[in-house]
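Here subunit A shows up in two complexes: once beside subunit B, once beside subunit C.
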Partner chain A sequence: MNRRQFFKLCAAGAATSAISALGLMSEKAYAAVREFKLIGAKETRNNCPYCSVGCGLLMYSQGSGGKNSEHAIFHIEGDADHPVNRGALCSKGAGLVDYVNSPHRLQYPEYRAPGSNKWERISWHDAFKRIARLMKDDRDANLIEKNADGVTVNRWLTTGMMTSSGMANESGLATQKFARALGLVAIDTIARN
Partner chain B sequence: MSHTAEIPMVPGSESPLELKPIKAVDPKAVYHRRAQRLLSLAKDSPLADYFELCRRVVAIQARLAAEADFGQLLAWGKDEAIPLSHLGSEADSYWQGLLQQLLSDLLPQVDEDMARVLRLLMQQSPEQLTSWGSALRQGHMSEVPARFSLFIWAAMGVYWSHWAPMVIKRIDQRKVVQQNLCPICGCHPVASVIVDQPRAGLRYLHCSLCESEWHYIRAHCTSCGQDKGTTLWSFDDAKAQVRIESCDECHGYTKMLFVEKSPLMDVAADDLATLMLDSELNAKGFGATTVNPLLLAHETEQ
Partner chain C sequence: MTNHWIDIKNSNVVIIMGGNAAEAHPVGFGWVTEAMQHNNAKLIVVDPRFNRSASLADHYAPIRSGTDIAFLLGVIRYLISTNQVNFDYVKAYTNASYLVRDDFDFHDGLFSGFDEAKGEYNKESWFYQLDEDGYAKVDETLEHPRCVWNLLKQHVERYDFATVTNITGTPIADYQVVCDAIASTHTKDRVATFMYALGWTHHSKGAQNIRSMAMIQLLLGNIGQLGGGVNALRGHANVQGSTDMGLLAQSLPGYLKLPNDKEPTLAAHLAANTPKPLRPGQTNYWQNYPKFYVSLLKAFWGEHATPENEFGYQWLPKWDQMYDFGKHLDMMYRGKVNGCIVQGVNAINSMPNRNKNIKALSNLKYLVVLDNLSSETATFWQNEPGFNEVDTASIQTEVFRLPATVFAEEEGSIVNSGRWMQWHYKGANPPGEAMSDSEIVSGLLLELRRLYREEGGKLPEPIEAINWNYTDPHNPSSIELTKELNGYDVATKRQISSFAELKADGSTASACWIYAGSWTEAGNQMARRDNHDPSGKGITPGWAFAWPLNRRVLYNRASCDVNGKPWDEHRKIVEWKDGKWEGIDVPDFNAKLNPQESAHPFIMQAEGVGRFFALKLLKEGPFPEHYEPVESPIGTNPLHPNVVHSPVLRWFEGVKDTIGTKEEYPYACTTYSLTEHFNFWTTHCRLAAIAMPETFVEMNEQLAAEKGIKNGDWVKVSSKRGHILTKALVTKRMRPLQVNGQTVHTLGIPRHGSHNALTRKAYSCNVLTTEMGDANTGVPEYKAFLVNVEKAEV
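Entry: the complex of A and B
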């Protein structure tokens, strides 16, 4: 006998149960339903990306339910089952839902010229071009190819890199390769923010 | 994406925050609280008469749990995966004795129609009762006349919940794995209970028969174990104290009681008081994967 059966109640709910069999079923039992609005919230498990501890999260989002509709996160809590944080969150983690929904979140690259007090929106292409230009200029000017003993070291000490702390192994490896290939020595994660 | 079977239980540490895979519950306290809760919920319920009947049954359960003779627990499977699933004929005669006491206590408290049902149940042969009891415990509700099932289950509940705490003390909790049926007696859960001890937000499934509570990871379906599409449903307030967790994989659902928000709640009573939520989910094509000892609705498929 398979006791791990998939167990379903009758669609009529209490229609075939002790209540009706004992003659105590009331017509009013379901009448109240229409007064309430049914709300469905998607439940998702994830990790906090804001430091290398990687606390577990449960996130709740709502949307219209359509296949391509955007879900808006309205609540985030610590995942009590997670072996690292056991449901607790730090002050940064406790404010996650406000980061996610913040109107001040950056959604595209912006540029403020030296001396200006105005940010202007630029394209991703322009942003990458400008970053690459500045990196190359700085590296060309400051790369230390050999140390005092004449040993090749290829150190680029005038620029540092701040990277994500919540990455998987593969993206961590890619980040490390990218940064070390350039000769960067100062690499840190946003875990220290 | 993962299945609950792949998620290891964390090895036990000395920390007071360490999760306990199975929690023993004092049946007397459970029945007292349930009777109280049924009384307060009955006031606003369209099922007030049924709530009152259940309250009387549960009050008798509380008295029996405190006073009845339970004999000795002989043939329990100490080394089996589910130690209280097969107890032999000893257990049958004890719970049937409890059933007779329960019915005779209840008899003076009910009207003539109900009394006829109780008398009819009292006259059933032990063999018949044994086979009905076994069918109910295995989830075959429809094999038992619905007018009898409430009382049979109540008597069995008193017997199994008496022994469960003792068994929980003796089993090795480190061997417990995530499971969707009670690790002590093998019955279905009533609902999920979101507790604040040993740490806030943990989910325990509450057994419909022996009242034990066992840990089950959040955001996974308590029936099929998948986490691919879980949705929490509630009326009006997305953070309501009673919600339903549905699964897009198996189309089953489990009710969730956030007792951390409302400590007076009782699984069986509050599940019964929120049948409207079930009705909405049924209309959306989801089916309950749980058993309420005060409802015992019939199953539709196996």
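Entry: the complex of A and C
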């Protein structure tokens, strides 16, 4: 029996015993016991993105995953199989669904013009074009190819990058390759504080 | 962590100092209570505040923030003077017996070689005496006056109980209890673990705090043991992985080095970074540096990396000084920077001295923020009376805000504190048009590549050469990237299973050699989910993948003596039996060697032993020394008044004027976290924000009474750099300490205020904090600075 079948069975058992407990079985049921909320949900394994205990998570989503029925995560709990957290989460981790679904999640690329007091929505296409233009102009003007002693140094100091400690290793590698290919040396991560 | 979370259950004594695991790592702390309940372990907590871990401890000792080195060197003195040392371990596995050069010296707060004009050391004398073969001289009797053991004894002699407690404010009776508990693990059947976090790193001598503790662990023989080790409780979920990825100013993945100006060729770089053994018969594992480095270059530049072009070495940028973010912010402040890309970091609130940071970002031509939440960094130009007072119209920075995915919307691996690489899966699509970070940097790179092809420009070669041959170059898959991290044979594309397969001739590629074995021909080892623990010691070899090579306890050769016999039968990790090694963990040494040949457990060191004397590796000196915080509440150093704080600090121009004195700002202040808070993320998460909506300043009852402040009153807290308004939380958890003939009061502020909060707007404490920090790492001194406090009307 897998986890989902187990929940289904428990929910069915609870419903039956609740009705029998009334002592009378009506022809018609006027009220039904609410189904256990994870029945029919898709379960996905993940890890808590907060501290580095690395607790295992089970995320539950609804929706078929089809074009018109996207998965939406509505519940997150600790993974009981995980040897470190054994199903437990702290108060912060237990509220993770509010991070995924925060009203402050960013949805679209936005742009703030010099001196402006507002955001304007732009397309990804325009965002990449405008940022790449700014970066290239700065790099072409300021890349230091050789130092005073004539040593090839190929460093670009007038742009820098502060990187995340929240992203996965794979995005970290893409970031590292991107940054060094351009000649960035002012790279840091929030590892320092 | 040298060990891992579950392993804490094997400890006999757990010391939490420089952290607060019960509050900040509550689920990991479960393994401390496991040790207390099922292994009769004692929990000791040393902290300026009677914190949540302290409330569960067997013993709590208060300490003045910023005096950990004095505290720990006093412990070392006590262990040595009472002979509570694991001498067999110390003689075999540390550099205690090594002879130090005759010109090495320490006097009145300074080691030999100090250059006062430069504010740094000439480290020439900080080294061993070498024999004619280039090996370090040793005296196994530990009698030679120049051996590390005698120099260490001499160095810590000053740290007697009276001196230590005069500096730290720790009552002598409490100090004695802590010393005895730690000392109890010098026997072969008892082991202690230290758990620390930002409480040790956030200082102007953070690296030396940690070193002092590591020295204690070596004295007691606690490294390489079940239940022992040096255990950093890392903050972010993947800060270990980000460090492994080398996302630092002078690093490349796998702790390889970004080249510097003194290494004009690949040959010069490899020569400078490939150590020669300092004793005969060493494993000296970094001798393989060229194999790892060339394999990294092959992963970076692909077919464009050839022996003829030094495998693309010249395309890597070289550094001439450390351009960490603190340094770069200072350059921005001076108008020397045009662009900044900030990825998933709320830099405005995280970096110290907020008011300076706002001015720095205002000087940029362009700022690009990749984030999944609406952070104050992207909106630094918005005027917010009280919280963020800026003249929007005058800020000429172009700002881009790009929406990114969260953990739940992508697959990939993250690394926990115990070095476990755990694979996670995507559960839903991101909102709106959000993209993963790898997709965003790909979009930028490909557009730059297009522009360079179209227009030409400076040095287009590396932009063209960087290996981006992913199935969809606009959106490299996590699987392709992670297989590249693991490494492969270039000709056959076969995934390697160990870094021992890597070569320096360009025939192998690996973007992060320490991750080799994580995705082999047998598939994804990070996704393994067998939680079976056959030994019962918490080693779950089939769960995920622990780098390197699935080792769960590092330096595990040190768990047994030179003859391969475990120090303690109940704590067996590996053992030499019937002519071969057997055990419960992957050996962290060459298991083809017999016990005597492999009796150098610290295989990454050129002499194979743990170092009491750190040679030239740290800027402050080869031994730790107590220096006051940059802002000291006593204004002097009782050990050497001429050298009050670390003599090698990095002072940016004008920063001296932002340092307060105890006359103007008489109270010490520290910062910390609460369970419901995670930096500046949880202010956007409704449940966490509702559970802990308010920021505050915590203070002791005596100070509150003196200042006429009651619990819940609004107060103004100010430093030389700015002020915040917040509420007073008057508690017994903070207590005044008697230090060097005066009373020191310490205040505490959670590091979480945010004016973009989903619930209640608050000031961020980095308005108050100083950018001065550790000379080695640049980590700012968030845990010890000076403030004043007064009642405020709001």
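Throughout what follows, the second predicted complex is superposed on the first by the 99 of 193 C-alpha atoms of A that agree within 3 Å, B and C clash if a C-alpha of one lies under 4 Å from a C-alpha of the other, contacts with A are read in each partner's own complex, and residues count from 1 in each chain.
Please note the rule applied: a residue touches a chain if its C-beta (ideal position, glycine included) is under 8 Å from a C-beta of that chain, and two chains touch if they have at least 3 such contacts.
Please read these numbers as outputs of a predicted model, since none were measured by experiment.
In the superposed model, A:Glu77 lies in contact with subunit B only, and not with subunit C. Of the two partner chains, subunit C is the only one touched by A:Thr175; subunit B is not. In the superposition on chain A, A:Lys42 makes contact with both subunit B and subunit C. Judged by the number of subunit A residues each one touches, C leads among subunit B and subunit C.
When both complexes are overlaid on chain A, the residue A:Arg139 reaches subunit C alone and has no touch with subunit B. In the superposition on chain A, contact of A:Trp119 is made with subunit C only, not with subunit B. Subunit A residues in contact with subunit B (one complex) as well as with subunit C (other complex) are 42, 44-45, 81, 83, 86. By the touch criterion stated above, subunit A contacts subunit B in their complex at residues 1-26, 28-33, 36-45, 58, 60, 62, 74-75, 77-81, 83, 86-87. For subunit A in complex with subunit C, the residues that touch the partner chain are 42, 44-57, 59, 61, 70-73, 76, 81-86, 88-96, 98-100, 102-117, 119, 124, 127-136, 138-140, 142-143, 145, 147, 149, 151-178, 180-193. For subunit B in complex with subunit A, the residues that touch the partner chain are 10, 17, 19, 46-47, 49-50, 53, 113-114, 117, 138-139, 142, 145-147, 149-150, 180-181, 186, 188, 199-203, 217-219, 223-224, 227, 229-239, 245, 250, 252, 275-276, 278-280, 282-283, 287-291, 294-302.
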